[in-house]
Each structure stands twice: as structure tokens, then as C-alpha cells.
Amino acid sequence: MSTETAVHGPVGTDGADIRKTAMWAFLGSECLFFGSFIATFLLYSDETNGGPGTELFDIPFTSVSSFVLLMSSLTMVLAHNAYEREDGRQMRIWLMATALLGTVFLGGQVFEFTTFYAEGLRMDISPFGSAFFVLTGFHGAHVAIGVIMLTSMVIMSRRGNLHAHRGMNVELVGLYWHFVDIVWIVIFTVVYLLQV
Amino acid sequence: MIALFLGIVTAVEIAIAYIPDLNRTLLTVGLIGLGILKFSVVVGWFMHLRFENKTMNRLFAIGLVLALSLFFVVLATFSGILAS
Amino acid sequence: MATLTPEATELEEPEEHGAEGGGLWSWITTVDHKRIGLMYGGTAMLFFLIGGIEALFIRLQLAVPDATVLTEAQYNQLFTMHGTTMVFLVIMPLAAAFGNYLLPLMIGARDVAFPRMNAMSFWVFLFGGIFLSSSFFLGGFPDGGWFGYAPLSTQSEMIRMDFWALGLLILGIASLAGAINFTTTIFTMRAPGMSMFKMPVFVWMQLVVAFLLLFSLPVITVALFEVLFDRNFGTLFFDPAAGGDPILYQHLFWLFGHPEVYILILPSMGIVSEVLPVFSRKPLFGYQFVVFAGAAIALLGFGVWSHHMFTSGLGPVAESAFSLTTMFIAVPTGIKIFNWIGTTWGGKISLKTPMLFSLGFIAMFTIGGLSGVTHAVVPADTQQTDTYYVVAHFHYVLFGGAMFGIFAGIYYWWPKISGRYLSEPLGKWHFWLMLIGFNLTFAPQHWLGLQGMARRTAVYPPDIGLETLNMVSTIGAFTIAVSMLPFLYAMLVNSRTGAPAPADAWDGRTLEWSISSPPPHHNFHDVPTVEAIDDFWHQKYGEDDEGRAVRVKTFPEPSRYTDKYIHLPSPSYYPIMLAGGLVLMAYGFIFAPLGIPLFVIGALILFGGAFGWAQEDPDHPMGDHDDHHAEPDDGSEPDETAEEAAGDEVEDPTAALADGVVADGGDDA
Amino acid sequence: MRLIPLALLILLVASACSDNLPRSTLNPVGENAETIDNLFRLTLAIAAVFFVGVNAAVLYVAIRYRARKGDDREPKQIHGNDTLEITWTVIPALILAAIAVPTVQTVFELAEEPADALQVEVIGHQWWWEYRYPELGVVTANEMWIPTDQPVFLSMTTDDEDVIHSFWIPNLNGKRDVVPGRVNTLTISAPEPGVYLGQCAEFCGLSHARMRMTVHAAEPADFDAWVTDQLAPGNVDEDSEGWGLFLDKGCSACHAIGGTEAAGGGLNPGPDLTHVGSRTTFAGGSYQLTTENLKAWLRNPSELKAMEPDANRGMPNLGLTEDEIDTLVAFLQDLK
């Protein structure tokens, strides 16, 4: 296999990158996954069953964590650029930064969940609570998986199992990471901003 | 550059959400519009979809379109627009 | 062109890297699409046996009114598992079996895009099926129906519905990974020159099915998660007392459930579209129309789900809208039927077993399609839904349609798989017994339903005119069971002693017939270059002035072996490890809190499998390959180096790209 | 071979039309059921044309174009025909459009609430039916009485803890789901007096098969007489042994008897027994109300009908002696 095909990943007979095609198919599928959860949430946004509702949302706080996640997309782009330059050290730094920002976002989510629970919004109190926690929880799980992927990539790179020119991995994880980010853009707009 | 742009858009969004007494429809349209803008920027540039081939574009587009239709049909059915 | 069927060589030993010997371990670690396809098929056939026995018990119970063969509780379990088994453990995996075995052969590739993910799909499917069926020994089968409507499925007494929901989630992972794999394979690994509109129709239908899976599976995943959370974590998605709406579950379920119907039938439509031309010695009539009709069915299939809910109180506007979309899905279906008849019209028909099953498919599927139109008429549907009329309808579609198509495919491709023909007399016995038994079983059910026999009822009263036809139906069911005997005999005995089949067993049209039977491990010595639809046929035959076929070339029998060095992906045990970990987690979840240690062990195995997978070099002798990162959670991460052999053959990738039309037409239709 | 379904079809149509079946959609009574039946028969007739056409074509092809010995000529390689394709796309589309028009019309027609309808509230329970006549004050179970001179408008729901059922009297109208948290409606009418049978049509758990119902359509005078009877308090002698047992054994915890201290205010989880002796069936309409059946029921209810009494769904085994059973059965049968 030539270096050229390595940089761009294995290509099929029609010139398309095989693994990226698969990744996009997966992300297309994920749209429906989150779409269904968001549809559930929209349906239940008023079903508070006498419990607390959207008034608990702390928009400034969530805005900050949204911004953190948005910035992690930027660091992901920088990591990807470093890979294209075959600069392993830079790549690891930016991957770590991305993972860190993702962790900060998760921390924010944990804080938010704890606060809501303390204030009486639980997932077993109303369909609104169920839909909110399960939707944002599944998004959080996606972020967590992304963080694990980023971290393992750093580890593999350190151990020499991930060379800079084999950047298809970085690109694939990047696609996944950006996708998780745009899902949050939708959730932040639809679940938080539009409901206040 | 793009990151800066995204940051500004987010700031505008939050500002809009806090404008007191803003017309509800205007708010909805504005926020959804800005959301779509951010969405397209990330997908198009960060994820390079703008530069990928048609197959990948369409794979993702179908998912997106179907997810959006899902919103509308399910919500329309439940909200009584279709139920009359 | 000349590369299609290379001259036979005298080599005795397979030279390609990654070739597998026999032995259990080689099957466990295999990443060869052909072996995985066979394992899919074999497993699905075992489940077909189980599902069939369940059906026979159901028919025994219903043979006479107020029967006591089964208790209500047992009956509810059996019909739940009969439906779940036949849909998720028989027809879907059988379609996956054909897809696995044939896709690479038909598009001229050496494997699927992600061989190890392919192996993982199989193991997840196998373990998921065992998990679901093992509920029988762990308190009893699930008993909330294959559709698991909330809030019945969330009632705490329906404890076994956890098995059902988790089992379906696991099987969903297998299907989703398979769908991503097939999509990618078809889009990126076609032989040079094979543009989208030169692909065999079977490949097209598999692509459409993969799209349907991609975009419908996540929806049922969400529905199942919501049920699981309601059952185990106190969420209130479907609790009316708290404001939850059970109708939401129905929307989510059928948003998957209706595309699922096409997921089940389209592969068989692809199979008969391959069989009919070969046994009529004519090309498929209206290739583009058949392809477009398949895509149109899929697209419309996403807009008709609520016709399963016509009695749930949607309101007249929604009912009318879904009635219209449902009616119009009959148009592309009709186009297909007419084109199949057009294919045989004026042909030179040889009524071999595959052809008999294909013609049977057209006849039986048409009946199912027409009763489907009567469901589209909402008022009529309010009388028919949840009665035996519907049971009859979907058995005409899924048994008379999907299963007849699958049997056609088995008889058609068996010579390719085993190098031996299945016995024609046995095949004919199988076909005629099955056709008679099938119609005896299900035709009367139309009338039973119209005479007021509701579905899913363990007993029915005497004296309301249901006795005779139920008895007929039960006799029919046992006739179907008997019809399986010649088939099983043929499969078990003919595969070893049947008449030897040449490579081109039926004078076929598609690429798989250009290679030896059984195919070499690497499929193609040289990756073929394609110039036309049914390229292999056009190499053998030209047309004279009248448009009749004339043989222009005969190929020598191809060898199984090549003198070339062809590298193939190495075997791997990580896929089975990952699948095993996943299912251990599911058992742990079911038996929580006691099962939590099991859950943790399963999670560790899964993570270990994923990490090992990521570090493993898929084909080390070539050395210079990507490492990759496995994704433990969804199994759909495209994380492995594809088999690049096909890529080496690219001569002009851009040319192929230019007409690389996408299957769906979704965004501009 | 393909004549088999056809032969069956003829045979079955003949048998289906021969007798008057009390639970058949093919013998519609009343306007709505007849409308549906006509629409179905129209669709079926059109479908039959296609059925015969396609199957005849398959049969014809299999015979006419079968490869014959000695014929070495290959067939003409026909790849398609656009005119034909357009024809068999457009014609079915037009036919379907023609079916769609009356379909949509009928859908809206059936959804209308008739002006002068008798109102009945239907409540589905696992696994029996409760009927309330809000204008008349009548509450009854499993057997619904309706007058022949008036359409009946059903408003149907279930308790929040219950599951989805489906109300279906095939002779009178199509089915309609009964969904917790929602109220669905259905109009039935029976111009002819008679007994029409039904069956819950949505799988609702263990005893779904034995969740049946009966509709008695009666001449207006008979219906009024029935209403008068139903409004009377239960025929209870408060000194009787039966009444004592009814209270002692806890029957009144689930079952109401109007006009007594066991009136229950309509909150009871079991069927109202005020006039149980006047009904023809019991146990979700799946057993004839005879002395023998009632005795068997009281010996062990779950023997006759699978239930989940521990989950508050269905009647528990009260552990009665034979003497107690005899007394209670006599008491119940006197509740006319």
C-alpha cells in the first residue's frame, strides 16, 4: 500500500474513501437516533406531571458548557491538521485538549444533573424529566465514548501504534466528535433556548 | 476564524433568548435559523463534508431529512394539526 | 474483459495469504464473507426450525375451539416468539446470508469492505438469538407480542419483556453493522466499470435494504430504550397517569416496523430478479424500472407507518393521508410484478426448482400485495386489522413472498456454494408440498378474519363458524412441515453426493458464475472489468439480426487456485470476543443486581476485544497498514482496514465516480 | 396448482355467505358496517381482477413458453418497453386514485358524531368491559344494550394503569382502540333487534382471548324496560345468608351492588353486579351464566379464565366451601 493511499485511507474502486463512507453512513443513522429522542422530548416538553419544568434551565451555565464543546471541535480540527502535517507531538497535544474539553463538558453535565435532582427534576417524576435526562444522557454517553476514543488514540500514538501518517483514525474520530458537537447544537437550541 | 464565528453566533443566540417580550415566532425562527447556520458550518468545514463526494453527502443528508420529517410528522400528528 | 475467466492453472495448493483450513477454530476466527454467509444461513435455518415448531404448536391449539393444548400464558409466549423469531432470527439473517455470500461475488470484489466487522455482525446475531431464545429456560419466553406495545410491555408482570427488548437491541447492533458494511461495500468496492446501473438487481435490492436498516433501526432502538428505561429505571415515557402517551411508542415502533416489512421482502425480490432471467434465457425486463421501483418502495415505505395504527384514533385527516401513501406504494410493487412477468414472456422457460419457487413467489406475493391494498382502505382496515385476515396477508407477503424467494435463492446458488446440484425431484416435491400446504394454511385465514377471528387469541368460541377453516389451516401447517423434509434431505445428502455442478451451473448472467464452484477463497484471480449489465452473459452471447441470443464464446472451467499472491485479511478472534462480551452484559443486566458482576465482566471482555481489535494488524504480512480504533459501544465504528485488493485494480477511479449514482434519490425525489 | 387458491376462494365465499354468523364482518348490520362492507367489496372486486390477471399470466407463461425438446432457438432478447412501463404505472395509479376517493369520503363520514345519538362510555379493563350510560345512569358490564331506533355514540377509554384494548363488534362497525389517557369514539347502530358478539381486538395480556362482549339490540320499548330494570336497586335481602357471605368474603371490595351499602360509588375494580342475574354471560363474556358455570367460577376463577389476581387483574380464589358457593351462586342469580 502506498503512502498516498495511507494518508487518504483505503479507497474503493470509485475513488471514495471506504472508511469515511462507512462513517458517514453511521452518522446518517445517528441522526435518526437523536431525532427520535428529540421528537420524544418535544412531545413531552409540557408534560411535567406537576413537577418542575424548563424554568430550572440555567441558560448562562449551559451556554458556557455548549461553548466548551464547540471549542473542542476547533481543537479537533487542529489535531487533524497536525496529523496532516505528520506532526505526532502536536497531534497528541490537540487530541488531549479535545478530550479535556469534552471532559469539562461532561463535568458540566454532571453538575447540571445533580442540581436538577436536588431541585426535584428527576427522570422518574414526569415524562418531561424522562425525556430530558434520557436525551441529554445519551448525548453525554456519546461524548464519553468520544473521550475514550481520543484518549486511546493518544495512548496508541505514544506506543507507536498510531503513526501520524496513518491519520484516517484521527479523521474518523474527528468526524464522530464533530457530529456529537452538532447534535449538541441542535439540543441546545431545541431543548434549552426554545423552551425557556 | 470559523471558531470565532461560531462563538459569536452562540452569543447572539443567547442574547436573542434573553430579549424580553420578543415575539415567540420571531424567537423560534431566529434561534432555529442560527442553529442551522452553526450546524452547516461545522458539518461543511470542520467535517469537510463540503469537500467530500456525493455518496457521503447523500448518506448524511438522507438521515438528516428523515429525522426532520420525523419531527414534523410526529409532532403534527400529536399536536392535532393532522388529527383535526 | 479477458480477465474475467482466466485459464485454468495446474496449481494444487492455495497460495493466497489468509487462506483458511478446516477446523472449528478457523470458522470461529474467519473473516471470509463466504463462510460468514454460510454461518448466517445455517444459524437462520436452525431458528427457522424453532420458529416453525412454535407455529405448529400455535396451529395445534387453534385446530379446535376452546382447546387446551396450551395455556393462555404459553400461547402468548409462543406467538410472541414465533413472530420475533421469524422476523429477526430467520428472514433478516437469511437475507444477510445471501448478501454476505453473494455481494462481493456479484460486484467482483474479494471481500466486503470490513471483513472483521462482518464477522462481528454474525457473532452478535448468533449470541443475540441465543440470548433471546434462552429466556425459555430462564422463566419463559417473552409474552408481550413481537411488537411489544407499551404500556402492556412495561407492566411489571411482563418481566420477560426485558429479554425481548434487550435481545432486539443486540440484534439491532448486528443489523446496523451489517447495513453499514453492505452500504460501503456496494458504494466503494464494485469492480472497475460496474457503475451503479450496471449492478445486478440483487445488489441494488441489498443496497436499498441496507439504507432502510440504516435509517429505521435507530428509531426502534430509541423505542426499545424507552421501554427498557420505563421498566427498569422508573422513567415515565409511556405512563398515561403521568402524561406519557402510549401512542408515541406505536409511532416509533412502526416507523421502524414498516420499513422492516420491505427489509424482509426486498432481498427476495432481488433474488427472483436474478433467477427469472436465467431460467427464461432473457434479460430482466425493464431493469431501470425494477431498480427505481425498489428505491421508490423504500422511500414511500418511510411514509406509511401509521397504517398500522388506523384504529388507534389518529383522526380522519391523518388516516386519509396515510391511506393515500399506502395505496400508492402498490404502484411500484405492481411495476415489479409486471416486469417479472414481462421477463418470462416470450422466453424459453425451464421449470427447474429455483424457477418454480420464483413463479410461486410472483403468484403468492401478488395475493399478499392485493390484500394489502384492502388494508389501505381505512374503513375496511378497521374490520381487518388485528384479525386473521391480516395474519393471512402478511404470511402471503413474508412466507409466500420472502421465504419462497429465499428457497428459490437456495436452490439457485447451492451449486455455486457446494459445487453440486440439489436434487430436482426432491426440489419439486418440496415446492409443490409447500405451495399446497402454504395455501391450505393461510388462504382460509382470510375468511377466518373476516368472520371475526381476532389475532393473538388463545381460544375462540364454538358456534360462530370458525371450526372448519381452522382445522383446514392446521392441516395445512403440518403439510408445510412435511414439505421441509425433502428439502432437509436434499441439503444434508445432496451437498455431498449430488450431481457435480460446473462453475457456470445454469448458464448464468452475473459475475459469480464466472468463477469456480465452490469459489476460491479470494473469489477472483483477477478482478474483472465490467462493461455491461449482466456482463458475464454478454461475453458468452451476442444477438443475431432478429435479436435472438447467439453464443459467441465458451469459457474453460476456471480453477480454484491461482499462481498469484493475493493477500486477504487475517483471521481474528476479536469479533467473537466483542460479541460475547456484549451478550454477557445483557445477561448481567437482566439478572441485576445479582448479575452486576457478570455485567462488569462482559464489559471488560467487550472493551478488551475492542482494544485488541484496534491494535491488531488486519493483514500483517503486508505490514504497512493502518491501525485503527474500535468503538466498543455501538459496534458500528468503521474501524478496520478494508481489503485493498480491489483498490489496486483501479484504473480510472474518476470515471467510475462520475456515474456513481446514489441508490436513494432521497434528497431530490 | 395456482387453481388451488382460486378453488378455495370459491368454496369459502360460498360457505361464508351461507349462514348468519354472529361475529362476522361479512353480515353487516347498521349503516356504518354496511358502508364499510360495500367499500371492502368494491376493493376486493378490483383486487380480484388483478389476482386473476397476474396468476393467469404466470400460468400462461409457464405453459406457453416452456422450453421444448428439439427447439434450439434462443428467445429474443427484449430489454424493456417504455410504453408498457408507463401503462402499467399509470393505470394502477388511476385505479388506486379511484379507490382513494370513496375511502377518504368514508373516513370522514364515519368520524362524524350523529346528532341524536345515545351516549355510552366504554371502559376497557384487563379483561372485561364496563359500560356507562351517563344520560340514563346505568352501569353494566360485558353486555351492552342498545335501542334499535337510535345510533349509539361510544366514548371509549381505560384506567391509567390499564393497557390498550380494542372495541370490536364486527357486525356493527370496525374496531377502535381503547387507549389509556385518550378518549376514542365510535358510532354503532343496529336497526334490527338481535345479539351481536364482539372480541377485544388489541392484545392486552394474559387473558386477551377471553375479553369478549355482547351487544343486545332491542326494540325501543324493550330497551326502555331494560333501562328501568337496571336503574332499580339490587334485589338484596339484607338478612339473607348470601348477602352476609358477599360482605364477609370481601366481594364488595371489588364488586358494587347498587342501592346497598356495597354501592361502591363506581370505583370498584370488578364488574358491577347489581343486575348480574339478568345477564347471559360472565367472565369477560366468555361463559354462559349458568348455575354450573358460576359454581365452577367461584371454586377457582383462574381455572376458567387465566388471570393475575395478585396484580389486581382478575378475581382471586376466595377458598370457598361448596356450601358457601351454593349460597353465593343463588344470591347472585337472584340479582336480576
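Note that the chains take the letters A, B, C and D in the order they are written out, and that residue 1 is the start of every chain.
Quick note on the criterion: a residue touches a chain if its C-beta (ideal position, glycine included) is under 8 Å from a C-beta of that chain, and two chains touch if they have at least 3 such contacts.
Treat the numbers as computed from the prediction; the structure is a model and nothing was measured.
Across the structure, the highest number of inter-chain C-beta contacts is found for C-D. Mean C-alpha position of chain A lies 16 Å from that of chain B.
Per-chain CA centroids place chain A at a distance of 32 Å from chain C. Centres computed as Cα averages put chain C at a distance of 36 Å from chain D.
Shared interface positions of chain C, defined as residues touching 2 or more other chains, are 183, 187-188, 214-215, 219, 239, 243-245, 247-248, 255, 315-316, 657, 660. Shared contact sites, meaning residues of chain A that touch two or more other chains, fall at 14-16, 20-21, 25, 28-32, 35-36, 43. Chain contacts: chain B has residues 53, 55, 59, 61-63, 66, 70, 74, 78 touching two or more partner chains.
Those chain pairs judged to touch are A-B, A-C, B-C, C-D. By the touch rule above, chain B contacts chain C in their complex via residues 53-55, 58-59, 61-63, 65-66, 69-70, 74, 77-78, 80, 82-84. Against chain A, in their complex, chain B makes its touches with residues 2-3, 6-7, 10, 13-14, 16-18, 27-28, 31-32, 34-35, 38-39, 42-43, 46-47, 49, 52-53, 55-57, 59-64, 66-68, 70-71, 74-75, 78. On chain A, the positions that touch chain C within their shared complex are 1, 5-6, 9-23, 25-26, 28-33, 35-37, 40, 43-44, 47-49, 123-127, 129-131, 133-134, 138, 141, 145, 148-149, 152-153, 156, 161-162, 166, 168-169, 172-173, 176.
Touching chain A in their complex are the following residues of chain C: 113-114, 176, 179-181, 183-184, 187-192, 194, 214-219, 221-223, 225-226, 229-230, 233-237, 239, 242-245, 248, 252, 255, 611, 614-615, 622, 624-629, 631-634, 636-642, 644, 646-647, 649-650, 653-654, 656-657, 660. The residues of chain C lying in touch with chain D in their complex are 71-73, 75-76, 143-145, 149, 151-152, 155-158, 239-241, 243-247, 280-283, 285-289, 311-313, 315-316, 319-320, 323-324, 327-328, 330-331, 334-335, 337-339, 341-342, 344-351, 359, 362-363, 366-367, 370-371, 373-374, 376-387, 432, 435-436, 439-440, 443-444, 446-447, 450-452, 454-461, 464-465, 468-469, 541, 543, 546-550.
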